[in-house]
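As written, the chains take the letters A, B, C, D, E and F, and residue 1 is the first residue of each chain.
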């Protein structure tokens, strides 16, 4: 458990540090990319559905899988589209 | 330590790198791809470990993909924010569902597990309903103005208190029903949170909800004992929080305004003059506009002289030119307060004569100018002189900057210029106003452009 | 209709009211243009150049032959006497000094425009010869002062010691004054300026110079009016102090239609360092400096007072170019389909019109007559 | 020992070799100073000022009375005849033009220093009157040109049209040329310059002006020497082209001890726009411009060629100040305990010494005699 | 999850914050204190958990403190680097000892444990012996020049191979003796690693050894299963590595030169001219020098004109002034190539005349000027003109900038100025050289000062 | 074990990020501060000495404790001394 907490603390720092100097122009893509990343809940959804044995949990689980997939797939694709506009421009 | 765990660790690494990449223009796109790769790895890995329902899960994934891709593909660039809000919402819902399911399924672990579950469900629901309302606002299905319920403040506090109580009861009683009720309370809280947020603040609200979802995912990671979820969720939670603060700063709004919007009785002063709205931007907005322009026209006026901003203007122009952006100066015959006022100043600042353009050089091609920087000029760019025969300055030739792609107006106030006539260009939707002394603004702009 | 451009006949006038480029633009508007032979000599515009711009070169003054006569200086009485009813003349006519001429113009029912009367509104700026010629005067005034000053204007730190920058005081920050400020600053002088207009302070500072604050009420409005006695007292003190500290004084203060205010007295001049130079741009309208005379260099002790006379003429090419453009812009305002037909209800044209159909339209002049 | 400062007697010389401040510094070094009455008149230094600096005012030229005579222009033959053996004179003596004087100085065993011969080494910079007076000349040359030009130097965009900046060409980028470049640029002109010295290109650019590249071998060294024929050919072509495109040409090219090179021919002048102005700073040493004469304005077609004569004298206060400081610095170099005793083995003093103890020490002059 | 663990976590947090603080001038000192507090917490916590030998440990700690504090207190500021090296070395030794002891004590765990032990011992010994040699070098007990053993390259490779083999044998055989031998091999390796490093590179070597020690500590954390050691050690290892790279960059030396110094036959070209070394700094060094100055004197010369850097110079001066630093310009009578050259340029850049100071204004008070910025000047600040009667420029008055507290010299090369004479000021220990075009340097400096 | 590895990875990131933008003037103090921090091996030394039961390990352990203490104490003190020079200066 202390390890998980340590991981949490360290991850907070990494999250802070990594983002702290982003330029304004990247705010929206970064938000969208981060949004896609938290779609990793899909993993959780899969795991839980993969061991569901009654209908309720199965249904809930499948719903979670569906929603999480939308989050992941849509998130990455829409971020990529936004970032396309950086193409061709160089500093 | 199994290969599954190592794969998860690799995925977590990918996510860190993705966020790092997304923070620098040059690597942003690559970062996104790395993130997607990490995600694919994580999902495939998790799929290999499941016991049953493989096919159903596959179907759900395919269905989600089928729903997500076209939505993301076809959305117009202007509608991206609401799309992001929606994706965020479903993510939050998924997190809440996962925790709920795990809870229903039967729970062995102790308090920490229960706390994590409760947090996930609550935050997930808030994030979901908040995101949905945001989506509706941005999509203009409902009004974009702040919605102030009669007793919004009280209501908000009330629901928050109820949620807290419910959460405690869940922890104490372990009751499934209460957990579902908590989810409902969370939904209500999300709605109440977002309703009073006005147009310009919505993106900040989305970013905040995004961070919330990240936290929900991290909490669900505790529930499931999965380090990947913890790392990824925490990353998003932390970076999302910082990002929200940065966005609020960039827009010059105190974060508390948005955070506690629900608990405020007064409407935020964002939208005031309904018919003739002006858009006032931040230095960063303008910096980005400039940083990604191909051609810029600087139109100096008397305000440049008053601010003695000639050196700052030249510095900015040189910086832009060093990035391959073409910069010209539009010198109006009567800009300033004496003939040749601008010439004197710009010569002092060593602006090359070749860069000084006159009306006839500029106006024919002005439609292809990306950004016009109006630095302390006013009358000389007033479209009234061209379009309104009743105007006292009708007939004076002007720079047709309203035909350029974007206009940035640097002045200190909404006061008119020498001729004392109002300037409709200030209200043009193409125009961004940058209030303040021209020298100050240019100096800040210089610093901001360097960071783009 | 035919526009005539005479060679200027008044003494020491080296400008011309039209140049080949403006002639071409008038012809483009459907007019015919006569140019008196040699009109552009000082401005280095040859008869051939006018001819190839489409003008006809005529040997004599075009008055009486052309329908519109444009000139820098007003016509003399003889020339005006040749004008026909309905003829138009445009010149830099200062009615108070030319009452005889005004009488003749009115008698002969000539429509006379004076650029001296042109309203200073935004729309009329293209024709604002007061501004354009003041620009020339302000620039030249600094050159004249620098020429006469036995010192450097800029600062130099050299192996033979350091030369401090010259201190320049500009009195009156109208168009000429502002240009003088700008030019003196370009040459590296330390410049301060004074004016009674409220807006002048900001305008002076906008050129990087120092404005002398009187710390008394100042005046609004575009033109200066006359002042109260305490005000004048304080003004004199301040000016005396600053004049004494200056190497160059350039005075440009004027009140339209009135004698120029006297700002610099002999005592003040005597307090200046030997070798200092005063350039009085207002000399022709009475002088801001006691004892200055137009066109003359007067020594007051070891201080040189240069009274300016027709400074724009000393730079005929560009002065003419700006003036000719002003006149052409004014003519374009009243020309339609090749006919010059001024609409005197127009604020600009009405304001600049001195006589029309036998009537003197300018009220102050009417009173003087 | 006694230092004498005469009133300059050569025509049109308005400078003076000592001012009250340098007089004070000489007295501080233990010397006595005689000043001829009225010596500082043009430089606005009164007899009273000299007196209160500690000088004695004498009615006549101090030659024969003072041990050291310092002047701007060399003494005339009569004055030199009054000098006693061992007397010292310091002036701006160009030996090639003053052979008679040199003979007398040598005969009378006078120790004569010429600032024209001073080595241009770092240590001697404080006494380098060639530089200090060239500084004045370069500055004044631009004022003269601007004064004569019927156009503006700076660019102006006005309601009466746009005036383009004047184009100035500076030939020879020595001290005077560089200062002319700087001054013209200050006034807003577009400046280009040409010189044969290799280092000049960087120096010209260091003032923000354009250097004309000949794309041929250039010369090293501080002073220019004579050139090959192909070189001269290419140089002529380039100069012809740029002269034609200029509104003002300021020529300063000089080769020490030689006639100035002819750079601008009559044909080139004829290709210039009417009204252009050429200022020839080298007029006194033969002229860079064909037909220029010192002190005269010559019209070649519609182009004015102004041959310069003693330009520093037109700004006597500061020109004198710099010169007086140079001379004082030189005297300090040779003064010890109130005695002026030049050590001619010193590189600087030896180099500047023209005659000593009956001998002409300057080799080229010796040959000429 | 015990309170001990939580205390360790808190200590780890302190360390992160300490490093963060140490990276910004404003919080550096606070950061160090936070680190010390974290350390105290960790040590006290660990002390409460021990079974026996409490008193002995206390004695050892007191002895260590008694040895450490005076050493740290009394060391001269110039001798700090060797002190740091020494402290680093003893840390490495301690790590190696801990792992060794744990190994001797009997080892239950598997391969990973053994690997961690071997790494700790090896790296710890390398770090120890390397640091000691570094110390000796800096203390000038031995020569500071690179020591190149006859067959240094071969020897280095040989010892490295032997170490690797020993390590493998330890893993296979679990032999105590072999581990001790490994420690000895590590010591040899450390010596061989540092010997060929020359004077200027020594700090970089210290930094690298520092990172090594961090890694050793992290590895020992694995050995002991202690997260605090893992986190703290890793932090130091990672930040030390980055820092080493940054230092190498700042000094303009490729890191590989130092890393593989031992395996190179040719002497590194670092130290060449023994008597007359110049110190070339980075823009950041100078920016910090300026940012913390109270008074700055800019001495412009011909190079300013050549670079047309007058505008950039004024901008920098204005920036400094806006921070309350007094900035003057020292205008030498013969600076440039014509009389008044600097006046013309600075007037163009609108530098106020009041700020232009002459020799006599400047020299009397120059001793109290914190930083003199010599921008493209050379002869006019050459102390030879004052001190060396044999110099061709002897007698010319100069700015006595060598009497100021610090001098920054901006020029493009070591070439002399107009007079062609060498300038001893370039070799003055007070002088930092900033090579490059003056305009470039000033522009970069401007950006860098903004970040200080 | 995977948790420890995760912690290691995250700590590497934190270490990198935190230091990546340090200004040159702080290189030496930062190095010295980091140096003090790795003195945390003192904790390890204490723990191991605290359970030592034979003389060899005890001696080795105590030696480690002594050395680590020198590292810690000296490190922090010397860093603080270096940083004193920043005192009194404000931006």
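Following the convention adopted for this analysis, contacts are C-beta pairs under 8 Å (C-beta built on N, C-alpha and C of every residue); 3 or more make two chains touch, one makes a residue touch a chain.
Bear in mind the structure is a predicted one, so any value in this text is a computation, not a measurement.
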Touching both chain D and chain F (chains): B, E
Shortest contact path, chain C to chain F, counted in steps: 2
Pair with more cross-chain C-beta pairs in contact, given B-F and C-E: C-E
Reference chain E; chain at largest CA-centroid distance: C
Type of chain B:chain E copy interface by residue overlap (half), same or different: same
Chain whose average C-alpha position is farthest from chain D's own: A
Distance between chain centroids, defined by C-alpha means - chain B, chain E (Å): 41
Approximate Å spacing (C-alpha centroids) for the pair chain A, chain B: 18
Distance from chain E to chain D - Cα centre to Cα centre, in angstrom: 56
Chain F residues counted as touching two or more neighbouring chains: 1, 3-4, 6-7, 10-11, 13-14, 18, 21
Where chain C touches two or more other chains, by residue: 125-126, 131-132, 135, 154, 156, 158-161, 163, 186, 188, 208
Overlap residues in chain B, where contacts from two or more other chains coincide: 16, 227, 231, 333-334, 339-340, 344, 347-348, 350
Chain-chain contacts as defined at top: A-B, A-E, A-F, B-C, B-D, B-E, B-F, C-D, C-E, D-E, E-F
Complex contacts: residues of chain A adjacent to chain B: 1, 4, 7-8, 11-16, 18-53, 56-58, 60-87, 89-91
Complex contact set, residues of chain F against chain A: 3-4, 6-7, 10-11, 13-14, 17-18, 21
Residues on chain D engaged by chain C in the complex (per definition of touch): 42-44, 46, 125-126, 128-129, 131-132, 135-136, 139, 143-144, 146-147, 149-152, 154, 156, 158-161, 163, 183, 186-188, 273-275, 302, 315-318, 321-323, 325-326, 329
Of all residues in chain B, those that touch chain A in their complex: 11, 15-16, 18-20, 22-26, 28-29, 31-33, 35-36, 39, 42-43, 45-47, 49-54, 56-57, 60-61, 63-65, 67-69, 71-73, 75, 77, 80-81, 83-84, 86-88, 90-91, 93-95, 97-98, 100-102, 104-105, 112, 203, 206-207, 210, 213-214, 216-218, 220-222, 224-243, 246-247, 250, 282, 284-285, 287-288, 291-292, 323-324, 448, 451-452
In the complex with chain F, residue positions of chain B that touch it: 1, 5-6, 8-9, 12-13, 16, 227, 231
